[in-house]
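Several structures are given next for inspection.
In what follows, chain A forms one complex with chain B and a second complex with chain C.
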Partner chain A sequence: MRHRVTPWLFLSPFLLLFTVFYLTPVGYAVYLSLFIKKRVGFGPAKDVFGGLTNYVRALQDTDFLRSLANIGLFAVVQIPIMLIVAIAVAIVLDSVKGRAQRFFRTVFYLPYTIPTVIAGLLWGYLYSRNLSPLNQFLTATGRDPLDLLSSTVVLWSVANIVTWTWTGYNMITLYAALQNVPHDIYEAARIDGADGWNLVRRVKLPLLRPTILLTVIFSIIGTMQVFSEPFVLRPLGYVPDNITPNTYIYLAASRDVQYAYAAAMAILIALVTFLFSGIFLRYARLGDNT
Partner chain B sequence: MSAVQPTTTTRARRARTIRERRGFSPLQVLLLGLFAVYSLLPLWWMIVTIFKDNGQLFTTPGLWFASPSHLLDNVRKVFTHQDGIFVRWLLNSVLYSAAIAVGSALTCATAGYAFSKYEFRGRNQLFGLILGTIMVPGTALVLPLFLIMQKLGQAGVPLINTPWAFILPSLVNPFGLYLMRLFWDSAFPTDLIEAARIDGASEATIFWRLGMPLVQGGLVTVALFSFVAGWNNFFLPLMMLNSTSLYPLTLGLSVWNNTTTGTERLYTMIVTGALISILPLIAAFLTLGRYWQGGLATGAVKG
Partner chain C sequence: MRKGLIVSLALFTALSTVTAQSYQEPTLPKISGNTTLEVWSWVPNLDKTVKEFEKLYPNVKVKVTNLGGGPQTYTKLNTALKAGSGAPDVAQVEYGFLPSFIDTGGLVDLTKYGANASKNLFVPWTWGQVSPDGKAVYAVPQDTGPFAMVYRKDIFDKYKLKVPTTWDEYAKTAEQLDKASGGKVKMGNFYTTFAPWFIALAWADGGQFFKRQGDSWVQTLDNPSSKKVLNYWNGLIKKGYVGTLPAFSADYWNAAAAGQVATNFEAAWGPGGYASSMQGKSGGNWRVAPLPQWKAGGSASGNWGGSSMVVTTQSKNPAAAAAFALWLNASKTAVETNFKGAGLFPAARAGLKLPALNDKTSPPIKFFGGQNINAVYAKASEGVNVNFQWAPWYPAVDANFSKQIDAMVKGRLTPDQALAAWQKESLDAARKDGYTVR
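Take a look at the complex of A and B:
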């Protein structure tokens, strides 16, 4: 009885900020997305209720759909590559001991501590036609330099930056999960004759399963939000406006001042994220574990 | 006789270690080596580049040093370009990130405590709702937030284009709340609370005096993650801050990247600035590394 108010007092600072800076904006975005600009007679354009007009427009906007297709392709290619490397490195690192292990752990984790903007800048210079050490090598050996910032390949140049930043992070998460496994389990498995590849396949991978699912979900969420990397590459190369949904939405809002339309697209992205994460969770049958 | 035994044991242990080491195939060594090279390559390029001027950048091998060195020149340029605005950005980043770290560690600690130690109606639903917002993309939050703050500004509440417009929204940290709840669950036994209540301690005393010292590790972990998130954030300050003098480092460097002086970009100066701006993060990571891993391990295992 005494503690009916107390928990809410403890919750209040977080909840206040959460309500003001999370729930209200999302609610406002939903509200805003239902309005369109309409010119009445010769007067200035007015905001009038438009129902789902903005959503219908988004679903017919080939540039927006293209950005969705881009990010979908990105996710299907980049997430598996990143996570397979992360899992492989985590498993190998788990069996390394002592100083070497600390060294590799630190090195692999470093990229995550670099701000995305700076990672974008660094790689942007490394991709640049005249600066890239790769191109220096190619021209020195008499071959044509590559343009890694041309509109056709830039999506994959962004994918490389994302992979560079996040593989180590995911690897450490997986590695931490492996380190928490009681060693008796491995001993028992060894006594049963599991060794090498068998130990990995029958013991370590199943133990990692929940953590792998977690990293997949976070990667899906992160991928849908890719923004800084292509944004920073823009002045260095030919980055299409709609390379990712977020760059397209940002430009619609800040350059074209189409707030309501941008809000509608942002909500669609949130829904797509929910949908993909949900499908994946259901597929992985983890739904009852949270 | 007793002196012999340890030697045998040591020898046996050494033999075992060697056998385990032999277990590494060249493939595994190659994997670790390649991944290390990949992780370090851009950082190596950055270190080499801060010793060059723009001319050398285009004419000397990209992955090796060039002479004469222009390191001091580059550092001087970073700190004096546009009347030394870089120093301002650096201070802004420190200030914003520190405020975000302390603020979000405290709000996550109190809220996490409520979720961990009290039964109340709608507890699980509320927790689920807060964690669910991790999936809402930045644009869906930041864009309407920008519009709301703009309206507030017109209504006489000046938030937009002030540090608060960046700091306050950054304090909401659902993942930090999740971590803090786990720390409260494991580090502060309910028996202890019951005992303190019987002794007549108030709920606030129990939380501050008894609880907080026990979850110090959690507080540092959440503060560290929030600090780095604040330091690295780009989209929120991009939308909220208009005056160059309020920019954090990330935003400032990106503006420099957009500007050209004549036809020449400020490449080596920007790279030097970039390196300076990641030094605090690397220092924090190297000194507080165990908290990083602790946080990730907790999140990973319980997740």
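Take a look at the complex of A and C:
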């Protein structure tokens, strides 16, 4: 009997915290998402059980679907650009030695250390119609200023901030992986005649593969959660509510007081993220076997 | 000359004594027992103002939490009301957002504490705001934002323009200014992401956006005044006479200080923001004039912003909370301190006659060239349409406005189409939220 109890005793601190801070909130969100508001006359709304009504509503909500399309497009464009730059910089830094390496490593990593909200404010200034140095230069040289906060391009202005912030972070992850590669592998490769581009393509990139997969997964999850950047830019112009799923959900809950509907959308987002990460992992593993 | 000065000084002193004496103070109840009131507000320096209340009621402690204002403030209050605990005794809510809080069922009907007896202490239209059904009273009016025109006197002088008194004159002046300045100076600036700014302009024309009817609501965002006002402004924007810089943005303050914007329409709390945000640049060049009229000779105005103080059902001592809310917004001490310390333009009638409103040493009045700007705003306050109502789903209406106006400014929608889309999408949102509305 004692043998059955002991492991549970050791697990209990984890299980307790896991239940209180993870399972309960998720469970509560699921529970909450099943209710709808019912109103009679002018009195306060009553929450009544609505089954999957909120989910059906979300799947028919063109604004919500648009936010998913936005973030999908964002992921397809932004993640490859960010990671290709990060890989390139990591490989270059790995082959440079000395003070230059330390200097550039710090410079590239620096944006990640700046809080997102501050970064958003800084970029908001650089994007502004009149005050931006870029626009002042354009106006001074007789050209029209760019409206980088216009609702049609603001998604890409956000992508730019995200890339600026996270490239350095991914670069450091990849760079650390490269530093862990034993140098005899490179020597062996050199003896075999691999040099320059061949060393990168045939040795370094294959060795980086697990780390690249990791950064892709983290980037997919991170992209689904983009919130602070567009949120900080909102007071500076018209940034659509549904620019990303998270801004849309946040506003539904906090501004429109539709907690149940917001919970349903949040759960759908979690499922989508899970699905995409799963598909990607599976696809990547299949690639491993060939 | 000197004699005249002395006479007018004496007259001024006499007058101010009279007004001081005739200040109508609220009738405050006795509060028995020791109690602590928690207050949520974003009024600067409120923690100092409440000390006077504690002097009056030594058995009451007032704890002020400054939430800074903005949407997050309402999120916090909504969450606390929804959760059933954690809400303060008294909280600040803007008029437009009041119905959405009434709708949560978390606000105390103040008629139980004799609120109706205070009705005449406040500017008439504000009472319609805190008592939407004319029976229950859900808040005490705090401050208001009657609308007037701010303008750059130096620009008007430079281009020899006359201050417009009608919208017709305003459009003509805009054209003259555009020609005279070679398009460098815009006549005005349309705040494309601030629905209440636009609503105030339509409000001044008698526009009605929401109405209770029997057991349901009627929403008319595309009312005739809306259409008239939006078509008018879209015309000015298209011709390039009017800019579209976002309100309260660094871009706007910079343009206004640099003399690129000749006029704008601001609420009574606006001049304080002008003085502080432009950091003294263009100081002394600004003036305030009454809102231009659609019919010559009129004096109609609208309102942008302004707040009220609610008492929540979670309060352990709602009678004391109600007394505090009344004191804070009607007593001379509090109204005067709130005006001086925070620029709150009083909702209390007697407050509008306070000499402090024309204190020449205050930054807004200095910024506006020593003009008695609050006299203009007090006059505007009298012209605000009394029957204006908001709806509990107003937050969604507010947000959708920016979307439609963005499409209009980009030329994808005509003003009428933008208003029709605003009406339709807001109606859909309200219905999905369970409201019976047409």
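For this structure, a couple of remarks:
Quick note on the criterion: the second predicted complex is superposed on the first by the 261 of 290 C-alpha atoms of A that agree within 3 Å, B and C clash if a C-alpha of one lies under 4 Å from a C-alpha of the other, contacts with A are read in each partner's own complex, and residues count from 1 in each chain.
Definition applied: a residue touches a chain if its C-beta (ideal position, glycine included) is under 8 Å from a C-beta of that chain, and two chains touch if they have at least 3 such contacts.
As the structure is a prediction and not an experimental result, all values here were calculated from the model.
In the superposition on chain A, contact of A:Leu93 is made with chain B only, not with chain C. When the two complexes are overlaid on their common chain A, residue A:Thr6 makes contact with chain B while staying clear of chain C.
In the superposed model, A:Pro235 lies in contact with both chain B and chain C. In the superposition on chain A, A:Val257 contacts chain C only, with no contact to chain B. Comparing chain C and chain B on the residues of chain A they touch gives the larger count to B.
When the two structures are aligned on the shared chain, A:Lys38 is found in touch with chain C, with no touch to chain B. Of the two partner chains, neither chain B nor chain C is touched by A:Phe280. After overlaying the two complexes on the shared chain, residue contacts for A:Asn130 are found with chain B and with chain C alike.
In the superposition on chain A, A:Trp156 makes contact with neither chain B nor chain C. Shared contact residues of chain A with chain B and chain C: 125, 130-131, 235-236, 254, 259.
Of all residues in chain B, only 17, 20, 23-24, 28, 31-32, 35-36, 38-43, 45-46, 49, 57-58, 61-63, 106-108, 110-111, 113-115, 117-118, 120, 128, 130, 133-145, 147-148, 168-169, 171-172, 177, 203, 207, 228, 231-232, 234-235, 239, 249-251, 253-254, 257-258, 267, 270-271, 274, 277-278, 281-282, 285-286, 289, 292-293, 296-297, 299-301, 303 touch chain A in the complex they form. The part of chain C that touches chain A in the complex is made up of residues 71-72, 74-75, 78, 82, 100, 103-106, 133, 192-193, 212, 215, 245-246, 248-251, 254-255, 393, 395-396, 399, 402-403, 405-406, 410, 429, 432-436. Partner chain C is touched in their complex by these residues of chain A: 36-39, 41-45, 57, 125, 128-131, 150-152, 235-238, 240-241, 251, 254-259.
Residues 3-4, 6-8, 10-11, 13-15, 17-18, 20-22, 24-26, 28-29, 32, 85, 88-89, 92-93, 95-97, 104, 106-111, 113-119, 121-126, 130-133, 136, 164, 167-168, 172-174, 176-177, 179-180, 196, 210-211, 214, 221, 224-225, 227-228, 231-232, 235-236, 245-246, 249-250, 253-254, 259, 262-263, 266-267, 269-270, 273-274, 277, 290 of chain A are the ones that touch chain B when the two sit in their complex.
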